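Listed below are the structures to be examined.
Shared chain: chain A. Partners: chain B in the first complex, chain C in the second.
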Partner chain A sequence: MRSRYAPILFFSAVVIAVQLLTFTTDRQQYLTQLTMTGYYSLVIVGLCMLMGYAGQISLGHAGFFAIGGYVSAFLTTYDLMQHKANPLIGLFSRAGLIVTVQDLYGGDALVFHPWAACIAAILVTVLISYVIGGPVLKLKGHYLAMATLGFGTIVYKIVIGTSFFGAADGLSDIPGFKLLPGLEVSGKTPVRIQNYYISWGMVALAMLLLTNLIHSRAGKALRAIHSAEDAANAMGVNTGRYKLNIFVLSAVFAAVGGVFLTHYNGGIGPSEASIMKSVRYVAIVAIGGMANLWGALSMGIILNFFSLRGYFGSYDDAVFGVILILIMLFAPEGLLRREVFQGAKKWLSGRRKTEGQKA
Partner chain B sequence: MALGPPEDRGPKSVTILDVRNLNKRFGGLQAVGDVSFSVQQGSIKALIGPNGAGKTTLFNLLSGVLPPDSGTINFNSTEVQGMEPYQVAAKGMSRTFQHIRLFTHMTALENIMIGRHMHSRAGFFAGMLSLPWTRKEERSVRERALDIMSFLGIADFADTEATSLAYGQQRALELGRALACEPKLLLLDEPAAGLNMRETAEMAKMISRIRDTGITVLLVEHDMSLVMNISDEIVVLSYGQKIADDKPLAIQKNPEVIKVYLGEEHA
Partner chain C sequence: MNIELLSQYLVAGITYGTIYAIVAIGFNIIYNATGIINFAQGEFVMLGGMIAVSLHSFMPLPAAILAAVLVAMIIGALIEIIFIRWLVSPSVLRMIIITIGISIFIREAALHVWGEAVRALPYFTGTEVTVISVGDVHISPQVLWVTGISALMVIILTFFFNYTLLGRQMRACSANRDAARLCGISAKNMVTLSFVLSAGIGALAGCVVSPITYVQYDSGTGLAIKGFTVAILGGLGNSTAAIAAGLILGILESFSVWVMPAAFKDVVSISILLLILFVRPSGIFGSVEASRLKEF
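What follows is the complex of A and B.
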């Protein structure tokens, strides 16, 4: 039973090894893209739970990522000074939710504390995903894909068309997120290594939570829904509620990724909400093997890192489109399926056994 | 091993399921027309009839897959018509499927553990945090599921992927999954479909054993040897109408039943 945590330990070791490698080979600039990749990986593993395990597709996850990022960016930059007289602002201020910061011109500005903004972003995401998920998850297959695509489009249109979200420019000058004293999510060079570990620490934590979930009662119910929804319902699983819960949970994973990446980058633009981003997430989960968290995570790391390093050049979006088409044509169950791993494991152990018999 | 709750093993005269004037129409087709019957607690009742008689539709109405157009389904003193399947299951009615509906990519044991879903409570947060009480609950669910697999004689296949089992074992597994729900009433939709004679005889024995543990059984079946051997009572449907409801021997002599099965000249 404990062996399910072995991959997480291995993963943590790899994370540390990569950091040491960038240090010894003097390629510390890679840490920036690696940190960003970590936050995108949160979206990937959350979407993998929804798609691979519960069998529900979402082509709107960039929308949830953007909701998280934009809510947090807006609340931590919007100056409340002019509303200072509002008793609600006073109340928030006394509760420590609102802090005074220096604006660009050296004057005082009243903005929400990043923690308050982060929690607000998560609450907004939960609310929106519940409202959207309720009716939308009654649909199946490509109808569900189209409905979530519609949701993604709406979020994109809203952020690109709203002036206080910075329209096409997005929001910038987002302050760092001081998680704890001495621990700050921001893109400043002195905290680069720290941020690498914050990002990948969160991915490791996400993997731990989701690994537990997969093996739990709820995880089994989700897998049952994936393979025979009517039978799961007949066995007493409230399939509608389970689908909604996993939809909300994976939306929250995406939103948390958005919140942290926005603080790390110091800004967010409408491209984060674009449909091509959603397609990219779906393509990565598909190539990773659908019901395979580690497969999706590893493909997400490789492809996002290459994309962020600019290896795909101007074909960036096209690469993910082509990947999706090829996967759907030739390996609709994904490349890194669990069966492939199990097959390899069986083959290896079988070989060891026969060798043992010979000896 | 006792599968049912002990308080259910009362005298046989108690009605556990009472169906009154049930109707279901699909467009111009009256799939179930004004059907009424009842099932006594602790008995095995069979539902037979030619193809298209409305047996599966009736099962779907009972288990909540379809809502009836009118009529009542009183199960264990609760009206369950119009409820969702998972709510009907929670009341103590669980079912198997004519075309096996096992969970693929899950082991046989995990399939049975899904049957224990209603009798455990760990949710998303408890599952993600893997709290001590959820791990304990998971262990007891696993043990109970293994007990059921032993009862059905398929415990050796606990870790085999469900869909790679032999057909007869898959049928047994479906039965086990339904039993794991601890039903008061078990609905079996053609439990012997696709089984050979020996397997059918084993299935008949198994169904009798399940009844002996105190679980009431209502089954749809085409295999007459199975139906006549184990049923206490039989309901015959034809074109959505009930044409007979009696003991097996009386059903065999019923001219109406002979007519729908063999044609006018045999009646």
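What follows is the complex of A and C.
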């Protein structure tokens, strides 16, 4: 029981240590990319659940990320002033869902509160993922891959072709997201440290949730589905329902990452919905070892951070493509799989033993 | 809405439809030989166009196209030999991810070699303003080149698969690999050959269509999705049906411009893909019973 939560405690300690390290070495600017990495990590751990535990590939997760980001961005920036007379708007306003903010020219604008927008984004994602997931998850192999790829492409084409989503420019000037008084998700320098903790706090929370899920009855059912779907079905596991629920769960993880990153960056562009982003998430999960949450998380942190810092230069996408090929050719079980650690442990302990015998 | 406009849309639809059908046939050739979908198929089309444009600056057009097709065939063979040949019964998921990786790699390499510029071969006959008028319908001669060469390719492929020893060996391998090997056919070489063939026809399609659609480092992905839609629509592995399906998709897409903005043209074809996958994954011409027996 205790060992289940030990990695999360260790993880939290690392998060705090990294912040202190950037503070003492005066590299606070790294916190910006680290915060963004945290939100991308939410997508990755969600996708890891879907790919590793439910055994279903999704080449459209950037689509869910973008749905979250765009819905939230649109609702918090679209001025409802001209629809003020609409009774629905009045209802929302009385319920406190709509707030008055100052627009660029100093005038008043009516927009949705970020909390309302965030919840709306999640609801939209749940709805879409249920509708899409139902028929998609009945497919297998190539068909499943192509269907999810098709879904991602549709989202991309819609956001890039729709003028109120800003077409190719995307949406910008998104206000910060005040979670609680004094706690705001935004890219302003004074709140940099608090945003770092918001981001990684959410990742820790997500890991706690998923760890519990894996160790629950549902988690065992999922592993059964991954290793032999027909057998699981025969044992009375409702495979269809489990797969759909995990699909929706991972879509929501992606959408939440999208909502928060959009508020943090103050904008979102169509590139967030591109196929390359989806492929990148799949690549990271594959490198981490499909059914290995901590592996996917650590690989996600390293690769996303390097990519956001621009270490890969103009070879950014190429790096992910090559990594995908190499991993799938030589280590289809992933780089950080349990056997590697156990092998290393055995090797280390074996060496210590022989040293002890010598002494 | 008048009859001229209708025929004009029809011609545009047929032109694009032919190209989609050729890409779909490329998918089918590799699928029949290996049982895998080559997600890098669209990249062959892009490579064909790009290489031909580069070679055309110092050699005549026919030679440039021929050389481009040959280079694409060599690349196809290399991909199979380096990445696929030595894998022992890989899982479908693994193959999907590998071919996606290959497509990203080719695309990024193209970006670094050719940059982001949009390129095109010159029109094979005349210029972009030359038209052949049939009644009130105006057709660019390039449209005739596209449909003509595609038709020729289909005829040659049909002949190849039905009447040559090599083509029949390939068919034997896709029908029953073990039995074909017992007859002394090298299944591995047939797989390599399938990559060579499908790269070659993809590249040729890329050359003939580039004056109309232009070619850019990332134009392969869109074509691959369309080609896959067509392959599914016709029933995976069935190349004759793919031609009909290609024309259907091309015409539907071209008429969709009427009811919604042109920016959503791709959304139409992908929605068709999703619809077909959900409702009738065996394709409109495929048999449901037969597709249940296949492995995806």
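Operating definition for what follows: the second predicted complex is superposed on the first by the 341 of 359 C-alpha atoms of A that agree within 3 Å, B and C clash if a C-alpha of one lies under 4 Å from a C-alpha of the other, contacts with A are read in each partner's own complex, and residues count from 1 in each chain.
Here, a contact is a pair of C-beta atoms (placed from the backbone, for glycine too) under 8 Å apart; a residue touches a chain by one contact, two chains touch by 3 or more.
Fair warning: this is a prediction, and the values are worked out from it, not measured in the lab.
Colleague: So, A:Met202: does it touch chain B (first), chain C (second), both, or neither?
Modeller: neither
Colleague: Does the superposition put A:Lys157 against chain B (first), chain C (second), both, or neither?
Modeller: second
Colleague: Per the overlay, which chain contacts more chain A residues, chain B or chain C?
Modeller: C
Colleague: Now for A:Val124: first (chain B), second (chain C), both, or neither, which partner does it touch?
Modeller: Neither partner.
Colleague: Which partner does A:Ala221 reach: the first (chain B), the second (chain C), both, or neither?
Modeller: first
Colleague: By the touch definition at the top of the document, which applies to A:Leu34: first (chain B), second (chain C), both, or neither?
Modeller: Neither partner.
Colleague: Per the contact definition in the header, classify A:Val259: touching chain B only (first), chain C only (second), both, or neither.
Modeller: In the superposed model, A:Val259 contacts neither chain B nor chain C.
Colleague: In the overlaid three-chain picture, which partner chain does A:Asn212 touch, first (chain B) or second (chain C), both, or neither?
Modeller: Touch partner of A:Asn212: chain B, not chain C.
Colleague: Identify the overlap between the chain B-contacting and the chain C-contacting residues of chain A.
Modeller: Residues common to the chain A contacts of chain C and of chain B do not exist here, since the sets are disjoint.
Colleague: So in the complex, which bits of chain C are touching chain A?
Modeller: Touching chain A from chain C are residues 36-37, 83, 87, 90-94, 96-98, 100-105, 107-109, 112, 221, 225, 228, 232, 261, 263-264, 266-267, 270-271, 273-274, 277-278, 281, 295-296.
Colleague: Can you list the residues on chain A that touch chain C in the complex?
Modeller: Where chain A meets chain C, its residues are 57, 59, 135-136, 138-143, 145-147, 149-151, 153-154, 157-158, 160-161, 275-276, 279, 282-283, 286, 314-315, 317-318, 320-325, 328-329, 332.
Colleague: Considering only the defined contacts, which chain A positions touch chain B in the complex?
Modeller: These residues of chain A touch chain B: 209-210, 212-213, 215-221, 223-224, 226-228, 230-239, 245-246, 249, 291, 338.
Colleague: Can you name the residues of chain B that touch chain A in the complex?
Modeller: That would be residues 63, 65, 84-86, 89-90, 94-95, 97, 101-106, 110, 113-115, 117-118, 120-124, 126-130, 134, 137-138, 141, 177-178, 181 of chain B.
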